[in-house]
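So, here come the structures, one by one.
Both complexes shown next keep subunit A, but they swap its partner, so subunit B is in the first and subunit C is in the second.
What follows is the complex of A and B.
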């Protein structure tokens, strides 16, 4: 752990109350984010990547709760933090970028209010100054004529502009940590690139970033660290470059194999057989064994713990050494 | 609700910016949700006509003392029970020779006062309790549910009768009685809207930005519930006017001699066979008011209904 570690998540557990009993949506999530570091949390839908990040800010639905672990942010544990203290962190110290900006902005509020209100209620600056800052932030994310556009409603902007406006909304206050929950999923590819560049610029300013995505192509663009989740568990974690080079966990390999590479049209896209495991009905041992080509009836029915495969790299598979 | 006047219509975007065509296309047409709703509302001629008629009647009611030819309790003993068209009494007179046109104008005043007053009072209470019940749950929700159960056990109307019995028959008391009898449904609507809106991402986004609960409820949830609430109000006002008329028929309406549409109808019923005009004018007026409110409400509902399709 270096001194500039911003967030250290250890063994985070989140459970949902459902008709079928308690379901572990996140089961032992650990990672850390330093200043200026971008961590990509990758996985399929339902792998717990989004729930894991939202639980940090206490933004879970009423049926869910954190049942274990800790998340030390700047010396304080976010888990179990009182609402008042949490509110001072939300939006101020930790910003959040949502998947769909259209949905994440109230249709009855102008961009100006959308972008300045939190500056004011966090007591960062006066109303007039907040307006200046909001206009500057809009300009920085490449929105032309920000003075005019700030008076518009979200539905009057194009999808790409809205998404950029939302990044401006989260970054105008200069948070220490930015959680980006699938920020490029709802926009088309030409905009995707712009969004990623903006997030990269934030990172270069020293903001820590947690990037939640299912797209490794997006994740590798500027993220330093990869955290691969499957069925609420971390199956592999390590530096992005090494991970892309040779993923250690069979699931991570499958994920990488099914990523589209436009430059190489000869490469065959692989598919991970089956569908994501039902977390309410988890198999014993390795959760991936039901879909894994390498599954071994003896070894895989035992729980797999995260083992070091190379310096700074861990994977939860007894065969992970075979591939590194 | 001041959204509309914050935007200057002259501030519409200029020529299309080639890189962002969608932005300008959307902006050229509409500004706030109210402006968009108004654009749609205007196309509905029936609703627009209703709005004009109601506005005219409201103006008449407001300036009643200026335009009514006589006071509402000013007798003309020479001309009792005069028919329509009698010199000096366009619509005729009643048993005491009171001018029916004047009484009709003052009746409108009472009925609008009761309708708007009761609905406004009910709306304010309903918004506060409905928002709290939906947003926070807890005590407000328990209170709302308990009161709802009690209200469902009574017919609303009977409840209003009981309230008048307790509170008396002044205009204020009748307004209060009707408001108390009718706020519950509105509060339930507010709560239901709140619960729906809280599922929306922008509420979560506001929380993620660190917004205090009250801010979220008032600035993010409430403005998005205005459409349905406005529709409910536009149907609630005529319901309150009808409720007052119903109370008047039972002899429990606004205390005479203050005239109300219901009171005048009640007076007229006794003489319907010999002097039908005493009944016809207030009945027609009540029908016009109720019909106009119904069409207006339909128009508002349609105007806000399509908001969702633009997303």
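What follows is the complex of A and C.
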């Protein structure tokens, strides 16, 4: 582990209490984020990608609990951290950007109050300076006429502008780490590109970023490292370029093959049969074996651990080496 | 008889509300020929879904005409309307919202057959099961309810229901946008197969350029209610002529291949005011001034 590591998550386990009993939504999530590094956590719905990140900040519903593992941030374990200590980290040292700014911001409070309150509460600046600093933050994320717009309510802004305002709120405070949960899923492609450029500027300033996304194009454009999740488990982890070039895990390969780019008119789509597995009914052994063309009745019914496939790269499939 | 199944001539749609009038669709000309898939792309608010609703007759046009099989929609009334609805069907973005939750999968698929009195109940059930099989659902799924299916399977049921009346036109409004990547690929493969097997005519609406390119024969790009460029998919994606089409293509982040740098001076919808569509290639038209027309392509 290098000195630059901001966050080190090891074997994180998150369970949900449901009518059908305890469900392991995240089952052994490990990765680390260094200063200025962007880590993409990719996967489909129900893969646990979002739960895994939110659990770090204690943002889970009451029915969920972390049942194992650790997440070391600046020498302290976020898992089991008392709420008081967490408050000094959440929003201050670890910022968060959500998919839907409308849900993340209060609809009845102006941008000015939301931004300045945040700055003052975390002791970043005095009341007197807060307004000016908030206006500057809005200007930095490309909101035109920030002096006028700061008096507006979130619903008075377009979707793209709201998303920018939320990024301004998260970054004005200069966090060490930023968790971005599908930050561009609800916006149009042209706005998406602008928002990613904003986040890129943050990253260049040394902020570590965890980007949760189902969009491999976004992950590839923005992130250095890929963490691929399936049914609550990491199936592959490694440098982004290598993952895109030759994914090692059959699920990762299927996911890439299913992704459609412009220019794919004559490429035959590779289709993964079946639907993403429900974590409540996860099969024994490899969770992907029920959809995997390479599944072997003897080997895949046993749990697959993450094994090194090349330097810096791991995959949870006994056949990974065949493909790398 | 012309081979155009649907033809829009100078179609506009204005919504009037407390905030004033909004022109959602502005003087659109569009043709969907038999056996062809027309893709309609654009960002949110471009008017692409409104075009779909106008084509389906779900809303009246404010100006212009929509013709279905040579017959203007405004004149379609009563018995003719019922027959039109048999000939044109639609699938939506949210499959769960479009299915009847208290009906089984088979009953959902058989419902249009019952409503249009095509076959009796027993034959309807048999047909529904055949259709569910056609869209790749296992036989045991017939008796399950929509909530017992995944999103992708629900969309398959919605497709089976839309096909029950053997429509000539299938309008798909963002059919894969709510689905996971792996499921989206399955549904697109299904639509591709059905298109070939049944010779469907489709109007396919999506914000996803790659998806439209994959499925459509002809593509129209919309922005602020106007079509800015339309033409054969190959030509439009390989040689986009309108600055907005180029901008849209550049904004897409590819998984394979390198992203294109964004244009430094973004196009604004006002740039097109007063600019007419001109022919830029065979069947390929764009809303660009004659000055931008390079000599070589003329």
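Here is the rule we go by: the second predicted complex is superposed on the first by the 322 of 324 C-alpha atoms of A that agree within 3 Å, B and C clash if a C-alpha of one lies under 4 Å from a C-alpha of the other, contacts with A are read in each partner's own complex, and residues count from 1 in each chain.
The definition used in the following text is that contacts are C-beta pairs under 8 Å (C-beta built on N, C-alpha and C of every residue); 3 or more make two chains touch, one makes a residue touch a chain.
These numbers come from a predicted model, not from an experiment.
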item: Which superposed partner A:188 touches (first subunit B, second subunit C, both, neither); value: second
item: Partner chain(s) touched by A:176 [first = subunit B, second = subunit C, both, neither]; value: neither
item: Which superposed partner A:121 touches (first subunit B, second subunit C, both, neither); value: first
item: Partner chain(s) touched by A:106 [first = subunit B, second = subunit C, both, neither]; value: first
item: First (subunit B), second (subunit C), both or neither touched by A:98; value: first
item: Touching partner for A:260 - first (subunit B), second (subunit C), both, neither; value: second
item: Partner chain(s) touched by A:270 [first = subunit B, second = subunit C, both, neither]; value: second
item: First, second, both or neither for A:155, with subunit B first and subunit C second; value: first
item: Subunit C-contacting residues of subunit A that also contact subunit B; value: 159
item: Complex contact set, residues of subunit A against subunit C; value: 44-45, 159, 188-190, 192-193, 196, 214-218, 220-221, 244, 254-265, 269-273, 275-276
item: Sites on subunit B touched by subunit A in the complex; value: 3, 6-7, 11, 13, 17, 19-23, 26-27, 30-33, 200-202, 204-212, 215, 219-220, 223-224, 226, 307, 310-311
item: Of all residues in subunit A, those that touch subunit B in their complex; value: 57, 59, 87-92, 95-96, 98, 100, 102-110, 113, 117-118, 121-122, 144-145, 148-149, 151-153, 155-161, 169-170
item: Subunit C residues within the subunit A interface of the complex; value: 43-44, 150, 152-153, 180-186, 188-189, 207-211, 213-214, 233-234, 237, 247-249, 251-257, 259, 262, 266
